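In what follows, chain A forms one complex with chain B and a second complex with chain C.
== the complex of A and B ==
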């Protein structure tokens, strides 16, 4: 899906936990996330800390979308 | 003659520990065969035996790739087996990646033959088919009865050091290595037969498939994020509570478009996940853990982004055919363009 949307001219950042799969399917901008069932959260944290964590991940995604890349790139958080 | 010693790797489901709610369990080793191992044992007759079975949660393996690989590798090493088998994983993505990863590690580190099995669209197949032999299986466990004999047969060949046939003969996913054999018909005959089939519009199989390099060049970056219209797409199956479009929990036949105009926060009362490929508890408690509507809405208010697109698009990614995903994405892309969306955050579970 990442590739098919990007093909039409819209940049896509893929946020996922198993980044090797993302590399295989051909995502160009990749942000690694927390865990498979809760990529953008961590239920073990108190709510405010979990929200801060999610902000950090989204910040990284926005940074990825604002960064020119020539090739598949993983943006480590 | 003593039997060849085999170690078998399976996931928590086939190890009968439990379903998705148990996908977090670390690897454990049991004596003898378990689950599909019993079927392998029958096929091996008195030539080989499964001395140990390693059962491991799919999520645990994938979320801790390095530690998990080392842990399982050590467990295999302790048994000093002659052969290592993983799966079959069918179309279970995390399971396939785990099988491929551990087979590759065992082959490299312990130098013994390894074999796994999966459906050709399993992401693990593309990742590992040039590294380890993967028997081509059906896309679900209903294909076990066919997969086990094919795997057992090739496994015995491998452990005995016998010659491996071409992928069409031995039923594995092409690994990029050419294996020569004498065909009963000569080349010109086969070529003419193929040509006649082609002219007649009948299906035929090329002997030399062209490689496909399906890569999309990266699109230019967003220059001014404060003016950008950002959309959310997910394969994590987030839907309004009650799943109004009845998106399937796996092998989705559709995607949904859901309006989030004026929604500041996703709650357990309003949204949930339809995804059946992982434990849904966390997403059901707070769907923002899968699609960050709360943060993006806040950023829209702060002016960090221009706009959060009024709709999000969702399907379930587990077991969904590549062809379906392509079709949904093409339709979603059309909608995104009609709303002048500038960039997409796509989340996967």
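== the complex of A and C ==
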């Protein structure tokens, strides 16, 4: 899906937990996330801390989206 | 460790008014065996059914398959930390009821339980069609929580297997085999110096959410990679507690009879020097994957391995654990062979594994789990066909009006096993 959308000229950020798979399949902008069952959150955190975590992940994804890359790049959070 | 395993061949199962093994026939009196199962408040009802190889029987949804064993001499008892006390097993003497299994079935726990056909095309794909199966069919109470029902069903199966195994305590085995694993010091002895030092890396499914494996009762996702003796595994130190796709689930039976362990022991001291077994997990956090595979490679290095066989359970993100284990060993100069299976699409044309690396250049595959099979209607169903359309491998319409089933191989218990348990092959 990442590659097909990019093929149309729209840049994509792949947010995922297992970044090696993302590298293998050829995503260009990768943001590592929390865990496979809950990539964009952490149910063990209190609500306010979790909100902050989610916000940080989305901000990082937006930053990645607006960053020029020459090669496959992992944007560490 | 040295374990003497006495195999008692089971040639049939029948119901009777007492429990015993007589002349290779298991006689089952259900009532006393069901008593402990029904003590669990989550189990509403339970009964036994018998499935014999070649009979027109379909068992589904299958949760686990367990071989009855009993510890006759030596410390501990079978399924340590789970049913028996946690004491170390793997030494002394164990009796095995060979040729039979306790199969747990009944309304579904998760969405990844399987089918065992006792005859026809489906039977060719599962090793359990060749066993005399005592099927424990359970029904949970209403409003159960899935994980609690899973635990109840798992323990019920293990308890039943232990009770059946106990019947073999005083029997004279049909065959006795002695399995012995060396200490690290012994592996360096002069007469084995010319043999390649080979280890076994056994990956245990531990993704959570009904995808768990237990080692001496410990949930494997809460462990670091560690070592275990091959004989401990034979005594039930590793127990399946999971609902991964039926085709590549390592049932408790697979663990008890791990073919990699048996084959390595068979050539130990002759063709290779089987140094030891490392167990490692398949967790859902990337840090865990990195840490566990690092730990595996550290241990492989401590053991001065020349080569290792790596087996997997499940598919998808565990492919990353597999590739990490493989590449980290290869980069240290330890040659690897990985045993896996493939999800290459129904036409077999897609990428087989979710992760890949060119260092993974020696691969044994259990087959393509997406391959479509058509299972003929069978005369009798043990369990229920209610879930055939919704378990992994099935689709809306899998169960056809005439009772036949069109589904992916995924749906058959043990069909693409990643320990290499099966014998079917292709050119």
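In this section, the second predicted complex is superposed on the first by the 77 of 77 C-alpha atoms of A that agree within 3 Å, B and C clash if a C-alpha of one lies under 4 Å from a C-alpha of the other, contacts with A are read in each partner's own complex, and residues count from 1 in each chain.
Criterion: a contact is a pair of C-beta atoms (placed from the backbone, for glycine too) under 8 Å apart; a residue touches a chain by one contact, two chains touch by 3 or more.
For clarity, every value in this text was computed on a predicted model and none was experimentally measured.
When the shared chain is aligned, chain B comes close enough to touch A:67, but chain C does not. Within the superposed three-chain arrangement, the count of touched residues of chain A is higher for B, of the candidates chain B and chain C. Contacts of A:17 after superposition on the shared chain: both chain B and chain C are touched. In the superposed model, A:32 makes contact with chain C only, not with chain B.
Overlaid on A, the two complexes show chain B and chain C touching the same residues of chain A, namely 17-18, 20-21, 24, 35-37.
Residues 1-18, 20-22, 24-26, 28-29, 33, 35-41, 43, 50-51, 54-55, 57-58, 61-62, 65-71 of chain A touch chain B in their complex.
Of all residues in chain A, those touching chain C in their complex are 17-21, 24, 32, 34-37.
If you check the complex, the residues on chain B that touch chain A are 20, 23, 59, 62-63, 65, 93-94, 97, 123, 126-127, 214-223, 225, 228, 230, 233, 235-236, 278-283, 285-286, 288-292, 294-296, 299, 304-305, 315, 325-326, 328-330, 332-334, 336-337, 341-349. Touching chain A in their complex are the following residues of chain C: 207-209, 284-286, 289, 317, 319-320, 323-324, 354-357.
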